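Several structures are given next for inspection.
Same chain, two partners: subunit A is paired with subunit B first, then with subunit C.
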Partner chain A sequence: MSNNRSPRTSAPPDPSTGPWAFLAQRWELVTLGVLAIAPLVIPALGGALGGQVTNLFIYCILALALNVMVGYTGLVHLGIASFFGIGAYVLAILTVPMYPFQIGFLAAAVIAVLVTAGTGLALGAPTLRLRGDYLAIVTLGFGEVVKVTLRNLEQITGGMKGLNPVPPPGAGVTLGGIDLGKEFAIDPRWFYYLALLSLAGVVLAMRRLENSRLGRALVAVREDELAAQAMGISATKVKLAAFAMSSAVAGLAGCLYAASLSTTADPNAYDFNRSIMVLCAVILGGLGSIPGTLLGVAILVGFDTVLAPWADSWIQQMNVNPKGLSYLSFSGWRLAIFGVALVLVMRYRPEGLIPSRRLAAELHEGGAGS
Partner chain B sequence: MSFQFLLQQCLIGLTNGALIALVALGYTMVYGIIGLINFAHGDLIMLGACLALSLVGALGMTAAGPATTWVGIGGLVLICGLFCGLLNVAVDRIVYKPLRNAPKLAPLVSAIGVSFIFMNVGLFWLGPADKSFPELLPSTNLLHNDALQFTWKDLLVVLIVGPLMVALSVLVKGTKLGKAMRAVSQDPTAAALVGVDVDRVIAATFFIGGFLGGAASVIYGLYINTIGFQMGFQNGLYAFTAAVLGGIGSIPGAVLGGLVIGLVRALASAYVGERWTGAIVFAILIVILVFRPEGLLGRRVKEKV
Partner chain C sequence: MNNNAGPAGTPLLHVDRVTVRFGGLVAVSELDLDVPEGSIISLIGPNGAGKTTAFNCVSGIYAPSSGSVRFRGKRLERSFTLGTILWALAVGLLTGLLFAAAAVDVDRLWLAVVKRGMITGEPFTMSGAMKRLRGYFRSELAIDQMAGKWRVVSADGSDVLAIKRDLGEATLVRDALQAKVTARRTGPGTIPDATDLNPRAAAAAPQVALPVVKEEVLDRLAAGKSRIRWRGWLGLFSGMLLGIAGTLAVWQRGRRSPHVVARAGISRTFQNIRLFSSMSVLENVLVGLDRTIPGGVFSMLLRTPANRRAEAEARQKAIAALDFVGLSGDANRIAGELPYGDQRRLEIARALATGATLILLDEPAAGMNPSEAGDLAGLVERIRDRGVTVLLIEHHMNVVMRISDRIAVLDHGTKIAEGTPAEVRRDEKVIEAYLGGEG
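Up next, the complex of A and B:
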């Protein structure tokens, strides 16, 4: 099927030649290097901006988690935010002073990731035989159930207040005369590096996954489940693995989120809107493509934190909107802009901005889809 | 918790269920015919409710006498039905039709996009806060019974939903268009081969689903009395659950599913607590999909090779 790649004139130039070859092939390393040096050069990253960029990294991790399900395996997942939330809450329960555990960030994060992976398996196991769109609805329903449960179990989750304060990583740990907990609390650059390191780890893991036996099996199941089974791949095992990996990585993102905010925030932070925004990022950037997913998140987060505030303040300066009408402000159009973007991308470039080669071939095949 | 109380809750549940069923029909018909979960359907109904609210204000219906009010409500149902129906057809024509042969993910994601666009329109129309929909009908009890309430509003739901359902089943079972719709939902290619204009049938389906949704939006405003730009998601989800419960693609199934979901919601609110209702309904949805994915009245679909 995938040999049938339709020729596209707009395909990116072959990266194996030309002066940019090194940059194109090693974009991860180059980006990582730039991002690692940035806080040392740009002082603003030690302030509020640092927190925003950290957030961006966390969303990148979450989007990569979703990409395992939707991109590689072709399982539409509309409840990724619930795993994000479970990770955040498990971490919080294991570390906040309210509970007797207080086992520290690292151990709590490991447990949280295991718990989310287990939850993913528990959701995945009974729902494996569902066809694509039914699975989408089950994950959506699961997300709602988790949100409502988090909100209503006030004795355990603190209800709408959430759980706080989540202590910073390394609280009480002294390394070479530096109190790590204090450093994390004072300087956002510590979180910046923690999130960057985690993201780099996840990207590396995803790269390895893509080229592994399991990764190829995921793609095979996406392209044609029956054919994959005929080739001796156990679709059950492969899909369960996708569920577990995706949930675990989303849980990791949740841990970082709760720790960096020092609270779980209220359960509405883990609702359908978040799931769908992450899905938008993955689709916009390119399903099954790591650089695409990262770019998609950067565009969406950039829209919310850079473009929209900038355009709003520009409109305010132009003084065209003295009454504060929502349709004369830029951010008032947020939903419509995302909506139109989704529709246009699906119509004209379903493989996303930076397509994964394998998926682009499938999407342009037309006719019988998955 | 007397028997009377239980009876009252069942009555509330069935009335709500009739409303849910009307919305569920829109999901189930579109799914039955092109296999698309129309995520934008709930938001389409939200827009219908916006139009109804604007019309009530513009026509000064709050000051009308009882007879005029009933005529006015009939007019609202018709106008909002046409509005939602035509809007649904337009969306199908512009957004979904070019994606007919694309992989299933494409129309699904586009529907989410359309839902966003509708929500943004609703946000401009209504503003960010919920708006109250005026009470056009007196809330006097029609039953001579203190413990059991059945008001004009409840009667309204029955009076609108009942005839619409009858009309729909006559349309689907008795007319040429209905036959064509059933043919297309079974096999579009074969239907086209025997001379059915598939695109026209699909457009008609979108129109009918949208019309029923428009009628539902008027009832929703008059019955629930609060509308907001985010109402589409939650209500759409309940209705979709009803459609799946009944067996998606099956018209009697959607009605049955709507009534069951209405009952479950009412009883869960009364006996477990309002705030758990959503979780209970969706937990039921998951359980049904896992153990009986074809729903109560649906046919089991063989996996196509």
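Up next, the complex of A and C:
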């Protein structure tokens, strides 16, 4: 990347030299390489663990989507799960055998992404004048409206039953003698790679966004909307673009989610809890920071969906808790640990674990100035 | 102050009797100001004289309570174009369709159009779907299946009229009942149309045993057509009205926004520095260059050669702009970390980067020592020499007196004097405003 920002001259340890430089500058390639090789080396990824890690990737995409709104543009969004849900349902409607459309995964995903982007615009357009808390309340309300709508449009969405079975990607496609649909259904590693590929694509897109005209405009609007407007930037258009992109990427995550579960699950899967979980991950990792967001998801969601079940089964195996008492099971303490960890991070590292360079500067300046 | 000097003599900026009121407070009163192209005009006056308010008014942050601001003879407002109308119509159509969908019960519409097509096992075709769609809005009886039996149901599925084992038999019953329902349709808007009456129905009537259907059910079904159509139109119409009115209202309120003014070619700096303080110095200028960088979202995501070239060019321009104000060595520093004077100069670089032909500088030398202020005066002159007109608010009198072509003095929102530096310096009213009534 020729136009990578050169590091700050004032930073004491110069990260442009030394053995860690490659790792620091090309962290995404290194991580991608490790994750791409992992399923070939670790057999467990061919089993349930593979599904859990795939789920983690999908959460990462969702968190990056939210990061566009909350991190770059500074608009608090508490309803990202609704776009996730809309993506999942649109994909399901277009692919399930119950309905006559039954188009391929790729085409359905493209339509679903366009629909979620459009929904994002439709939510964004009337709410652009709202800032801070007010927008948060609107998005929170929107999330609930979508959830209840999905539940009540029973003829379309199947109500609480959801739509299933969503066929795996590549159903009916044979490539070099391999029935892709069957492969996807049997081996979770196919999904693992699909999700990883999508995640890599989204990370690349976000990197490009950060260093582009639009990305700078997003940050400028976050920093000082009036000054940005005085530079000829239409805050309206920039915010709408943020809404559309964020929703589109969340919709993509929803598509992968529905396809990987082969069901949309019930509408409660797209409720406030999911939105807030993703928001926590973004804040924990570092607002506006791609590696931070990914790390935040890996820690929070990884803890919740990978570590907690594993610890539970370990406790069971050790026979520590034969009576099944909730305070002796790990899941019983799951949320408490979660909460304490968040409190500690916010107390000692408010800018997140891997803060974005821009936001870190902002917070420290605020601290010094007061 | 008259603008009858002819087109050649039209000033770049013409402020005509602008008054700005905040509630009962008059911040600027009947201000006239002409800024000829290529000049440096200063606004001076004691604190609270309304200088910054006048700036905000020119740069579109406030709308004047009365009077007008013209730039190159044009009002600084977004014009009402065909695009505005089309956009309002598009939004209106969208809200209209949403309202209509809710009004005609989109859930049952889906059942009637999509799901019933699957029931009879025929392949899904567009024409079949359209037929069922028409059927829904005519509130025609339909056939669906439950637990292996065929049912004759109302279009929205809420009434079940007959249950048969055989599809053919069910079809005949449906046609016969449809004829009965259609016959009951009276009154305006419910005249039976050709598609309601199926020729098969008459022939079928004797062959099947019709189920007993209550009179009031038949009446309700007969009334269903006008009801659903009325609801649909009402939803569409009210939604469109709301959407169009809302879009136009928002357009009207955003008509005079700062970005419209900035795009017309007026840029500004702020009295209390408003940099994007967590972005780098270079990025701040790049934001100023935003309008000059071509390309949309997709070329950015695909990073097309054109996009790379545009970004590289913008970088060069930004560095040139930083060079101009003497900050090129700090390009990669965080803007908020710069010393105060440099932040002011960065703001000027950012404003110049927009390609503005008129730049408003709001106290650029505030907080500077005399030597720095002298440098700044030189910078302002160099800006003028680049062909950019400057309107300046400044308190450093030696800066103002040295570089201004003309000076306007404001006090309590009114212009009390205007003229060359030498004239203003001698003006009684100005001395009084600055030194107090006894002077």
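Note that in this section the second predicted complex is superposed on the first by the 312 of 370 C-alpha atoms of A that agree within 3 Å, B and C clash if a C-alpha of one lies under 4 Å from a C-alpha of the other, contacts with A are read in each partner's own complex, and residues count from 1 in each chain.
By our rule, a contact is a pair of C-beta atoms (placed from the backbone, for glycine too) under 8 Å apart; a residue touches a chain by one contact, two chains touch by 3 or more.
Not measured: the values here are computed from a predicted model.
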Contacts of A:Val76 with subunit B and subunit C, given as first, second, both or neither: first
Which of subunit B and subunit C A:Ile137 touches, first, second, both or neither: first
First, second, both or neither for A:Thr305, with subunit B first and subunit C second: neither
Partner chain(s) touched by A:Glu154 [first = subunit B, second = subunit C, both, neither]: second
Which of subunit B and subunit C A:Pro350 touches, first, second, both or neither: first
A:Ala122 touches, of subunit B and subunit C: first, second, both or neither? second
Touching partner for A:Ala235 - first (subunit B), second (subunit C), both, neither: second
Which superposed partner A:Leu226 touches (first subunit B, second subunit C, both, neither): both
Partner chain(s) touched by A:Ala341 [first = subunit B, second = subunit C, both, neither]: first
Set intersection of subunit A contacts, subunit C complex versus subunit B complex: 126, 152, 226, 362
Residues on subunit C engaged by subunit A in the complex (per definition of touch): 59, 61, 91, 94, 106-108, 110-111, 114-115, 117-118, 123-124, 246, 254, 257-259, 261-263, 267-268, 270, 274-280, 283, 286-288, 290-291, 293, 295, 297, 300-301, 303, 307, 311-312, 314-315, 332-334, 336-337, 350-351, 354
Subunit A to subunit C touching residues, read off their complex: 3, 5-10, 98-101, 122, 125-126, 152-156, 205, 208-209, 211-214, 216-217, 219-220, 223-224, 226-236, 241, 245, 357-362, 365
Contact set on subunit B toward subunit A in their complex: 35, 37, 95, 98-99, 101-110, 112-121, 123-124, 127-128, 233, 237, 240-241, 244, 275-276, 278-279, 282-283, 285-286, 289-290, 293, 303, 305
Complex contact set, residues of subunit A against subunit B: 70, 74, 76, 126-127, 129-134, 136-138, 140-142, 144-145, 148-149, 151-152, 226, 272, 276, 279, 283, 287, 326-327, 332-336, 338-343, 346-347, 350, 362-363, 366-367, 369-370
